[in-house]
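Let me give you the structure first, and then I'll get to my questions.
Which chain is which? They are A, B and C, in the order written, and residues in each are numbered from 1.
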Amino acid sequence: MTRTRSQWWLYAVLTIVLLAVIAPFVWMVLGSFKTQGELLQTPPTWWPQTATLDNYTRLFSRLNFSQYFVNSTIVAVAVTAGNLLFCSMVGYALAMLDFPGRRALFLVVMGTLLIPGVVTFVPLFVLVTNVGLANSLPGLILPFLVSPFGVFLMRQYISGLPRDLLDAGRVDGASELRIFARIFLPLCGPALATLGILTFLGSWNNFLWPLVVAQEESKYTLPVALALYSKGQNSTQYGLLLAGATVVVIPVLAIFLAFQRRFIEGIATTGIK
Amino acid sequence: MSSTTEVTPSGATGRGSSPRGKGGDARPEVNAGAGASRRRQGLAAWTLALPFCLLFLVFTAWPVIQSLFMSFTDTRSRDLRTPFAVDIVGLDNFTKAFSDPIFRKSMLNTAYFVVVGVPLTMAMALAAAVALDKGITKLRGLFRLGFYTPVITSIVAVAVVWRFLLEREYGLINTVLGWVGIDGPNWLGDPNWAMPGLILMASWRNFGTGMIIFLAGLQAVPWMLHEAAAIDGAGAWQRFRHITLPLLRPTLLFVSVTTAIGYLQFFEEPFVMTNGGPLNSTISMSMYTYKQFGFGNYGLASAMSYIIFVIVAIVTAIQFRLLRENT
Amino acid sequence: MRRTSAAAVATLTAAALALSACGRDNGGGAGSSETAKDISSGKATGTLTVWAMGNEGDILPDLMKDFEAANPGVKVNVTAIPWDSAHDKFTTAITAGTTPDAAMVGSTWMGEFAGLDALDPVPPSIDTSAYFEGAQKTNEVNGTNYGVPWYVETRLIFYRTDLAKKAGITTPPTDWDGLKNMAKAMQDKAGAKFGMGFQAGGQGSWQSIMPFAWSDGANLTKDDGKAYNFDSPELLEAVKYYQSYFTDGISDKAAPAQPTTEPDFKSGRVPMFISGPWMMSAVEKVGVKKDQYDVMPVPAKKTSSSFVGGSNFAVFKKSKNRDSAWKLVQWLSDPKVQAKWYGMSTDLPSVKSAWDDPALSGDPKLKKFGTALETAQAPPSFPTWEQVVAGFDTEMEKVTKQGADPAAALKSAQQQAESVGTGQ
């Protein structure tokens, strides 16, 4: 009986904490329906006093919204697909195969994890421009096509899979690559889900790189467009910003909801334990 | 990052429990073919690793080298078109960085942020994970999603919202503090309270990620051990300290390392909330480096970014020392 | 073992060779003025890429339709870029050689971009006397003009007329003491928490402080415009005056980085502040009525002089369609086009004769902005201005928030300015 009582108490505490944690998020969504005047009011309001759909109509009409949405989607999907494929390839090699240079490769991957973004940002931009990739979607995609974190994640996960499968495949006469593609890769579902969600999220919300690389509006992604249309030289249009932020978060939320269980499962079995 | 025989709930073979041992070529019956096998594996491995290596060389290695080169020269933004027409200044940029009082302040600020922020975020994440894993049985998915929501919102929106939350007179936080009789500080306007405000915001934003990873790690702690200890009379807290925590060590290490790496480079929070103020109390190393790039001092900024790099490496190594398993 | 050491030696040798190939070529530096090529007569042709920031970038395409109608055969592609990182976007584009044909350029960026050898000098057929002098000066780097003013803004003191009446002020003050007394009276008699909403140092605070310095006749450069001049007696007087607002409790030294100007103005908590014309619609949006407030010029010590900002329009050297680009710039400076642009964007025209348009001459508040523009000044167009003034802003933060000694702060700002140099 004490167990159920303490359970009730725990539920209560958790609910309060949950409300506190999502309160800013809720405020953001509610704010997207308010006017600029109301947003600047003190004391601030919770429910919109003069609810308006203005911010959303402006978002979808003034902005070339579909174009930016398509760009963001193409980039995020391409980066995610690339990572899923390439990271699992290298992760598998590091986890299962024995080959000269394996230790060095692993050290390189881990070392890259430590490199701060500021170190590479500017030279990367100059490089991308010099090879003619500036202002193009490939320029937005290529530098992020494989991430050391993804390699590490896949390696950890695959190390937890039974080695016997490897031997069995070899005994059957399958080539190494076939063993990877036909036997191990299908087993990586949870890890791929995890990597997929994290990569998609990172790419979708990426602001600084597309800002600098995209020269024409036709190549902007959503975060760039959002900053563009809501921030003026001397003032910010908060309603528009919040409406844009709400819209931008929906796809990620949807994907997370859809893959939640596999996502957790993926992290659970990456051998971090 | 390896561990030996772990206790896994399903009994799946971990790397260390295979009778063939670590590595893959200790099988006695194929010693003669070991060379060929290794060659074949080598070929397959490097084929698989080829895309990564190409992308790495072009998009990571080259910029890193160029950045290193710039840090030893007096490159300014106008020189990037003729990168070799610059003077080598040796360690000048590095000494300049260390003798710059603002850079030193930024190092202190970053240390403050990491030393307070990392444990706080981890504690929040662990508490949430334990509560969801062992404490409650229903509605887990809902709480999980709710706690993860801050992670997926864009920083620009988060900044707008938190600026209102931390507002001195009408902000939500000070209002709630007022209910329990505390006169909340002027968060973003007071040099002593701006950083705590940012740490609060960063912890809110990031604890969801840690929570998810801890949730996964907790599933590796066998219920049987807990039951046995409970029968022996151990209380919940004791069980947590002596059973859960030690088994959670690799997970703790992972979360600690990744959070620290992220927090050492913290940039977005001060950039959108306080612009480094008030009185440079929130400027971070990354943000100051970015400012130097903005001024066109590319040589100096590259040197600063390398200093950050070295610090990240050192802190990570220290964490490994402290938290790795005794194997 | 041998392999590794051989590899090491090879790497070191390569590095040494590369390093020895470096070195600056210090002969024939830039610094002399350039002569500009003139543009042809006739219509503009071809395609033009134009960059513009924020709201202007949003609306400009509509204006460009008129230009395309007047110049059949020309196509103008406008790209809007966010203000947040526009400066960095420009510098990276200049580095990479991917600049547009023409662009709207922030008035304080001209020196830097000209210094990077990115801008094309203004052709002689464009009459530079048509613009407000202060704005025009922002385009002059080393004796050459690199762009023309497109729209301008200047800073005036906003105040609540109804609360001023309550405080017993019927005519706007004309000197520094008068202004301070007015702010104090707002606190004592009209219930304001802080009489004046001055920024307590920090980024951009120089735009509030310099108007007072200029009204005292301060000059930000010395040695015939070759060096910074931060520790002049006039600037010291202005800073001391500015600091007194904080020490006397008339301005809030603990205000957060993101100001709450509009709601404070409406509620009367802070009924006075110094800012630009865009704040008129901003305060009206939160419910302040047109007859509840007014603007007044910065009070004079010797004369009244404010800060002129805004944006210029420049053509980039790498442009492949230079001729038509300058024709576009010329067209934008036509007084009728300037007036039309005001109607579309509420950006104030930079061409003096455009102010005769009834939309501008008929609004009493706007007229005051127009008058102030005639005497407003801009900071020197040195490439290092942004970096140097950041140091100044930090010193001002110490002066206002911690009561640091103004003379020492200005000396420190001057030292920092000298160590950075003008960048020319």
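One rule holds for everything that comes next: a residue touches a chain if its C-beta (ideal position, glycine included) is under 8 Å from a C-beta of that chain, and two chains touch if they have at least 3 such contacts.
What you are looking at is a predicted structure, and each value in this text was computed from that prediction instead of being measured.
Peer 1: Please identify the chain with the largest separation between its CA centroid and the CA centroid of subunit B.
Peer 2: C
Peer 1: Could you find the two chains linked by the most C-beta contact pairs?
Peer 2: A-B
Peer 1: Centre to centre, by mean C-alpha position, how many angstrom separate subunit A and subunit B?
Peer 2: Chain centres of subunit A and subunit B, defined by C-alpha means, are spaced 16 Å apart.
Peer 1: Cα centroid separation between subunit A and subunit C, in whole Å?
Peer 2: A distance of 38 Å separates the two centres.
Peer 1: What is the distance, in whole Å, between the centres of subunit B and subunit C, each centre taken as the mean of its C-alpha atoms?
Peer 2: 39
Peer 1: Please set out, as single numbers or ranges, the residues of subunit A touching at least two other chains.
Peer 2: Answer for subunit A, listing residues that touch two or more other chains: 42, 122, 126, 227.
Peer 1: For subunit B, what residues touch not just one other chain but two or more?
Peer 2: Answer for subunit B, listing residues that touch two or more other chains: 80, 167, 293.
Peer 1: Tell me, which residues of subunit C touch at least two other chains?
Peer 2: Expected reply: 88, 95-97, 260.
Peer 1: For subunit A, which residues are in contact with subunit B within the complex?
Peer 2: Subunit A residues touching subunit B: 7, 10-11, 13-14, 17-18, 21-25, 27-28, 31, 42-44, 85-87, 89-90, 92-93, 96-102, 105, 108, 110, 112-124, 126-127, 142-143, 145-146, 151, 156, 159-160, 162-164, 166-167, 175-177, 180, 201, 205, 207, 223, 226-227, 236, 238, 241-242, 245-246, 248-249, 252-253, 256-257, 260, 263-264, 267-273.
Peer 1: Would you pull the subunit C residues touching subunit B in the complex into a rising list?
Peer 2: 18-19, 21-25, 87-88, 91, 94-97, 112, 115-117, 200, 202-203, 254-258, 260, 383-384, 386-387, 390, 394, 397-398, 401-402
Peer 1: Within their complex, state which residues of subunit B touch subunit A.
Peer 2: Where subunit B meets subunit A, its residues are 1, 6, 8, 12-15, 18, 20, 23-25, 38, 40-49, 51-52, 55-56, 58-60, 62-64, 66-67, 70, 80, 128, 131-132, 135-137, 139, 141, 143-158, 160-162, 164-165, 167, 169-170, 172, 204, 212-213, 215-217, 219-220, 247-248, 250-251, 254, 261, 264-265, 286, 289-290, 293, 298, 301-302, 304-306, 308-309, 312-313, 316.
Peer 1: Inside the complex, what are the residues of subunit C that reach subunit A?
Peer 2: 49, 53-55, 57-58, 77, 79-85, 88-89, 92-93, 95-98, 100, 106, 260, 262-264, 267, 276, 278, 282, 285-287
Peer 1: Which residues of subunit B touch subunit C in their complex?
Peer 2: Residues 69, 72-73, 77-78, 80-81, 84-88, 102, 163, 166-168, 186-191, 273-275, 277-280, 291, 293-296 of subunit B touch subunit C in their complex.
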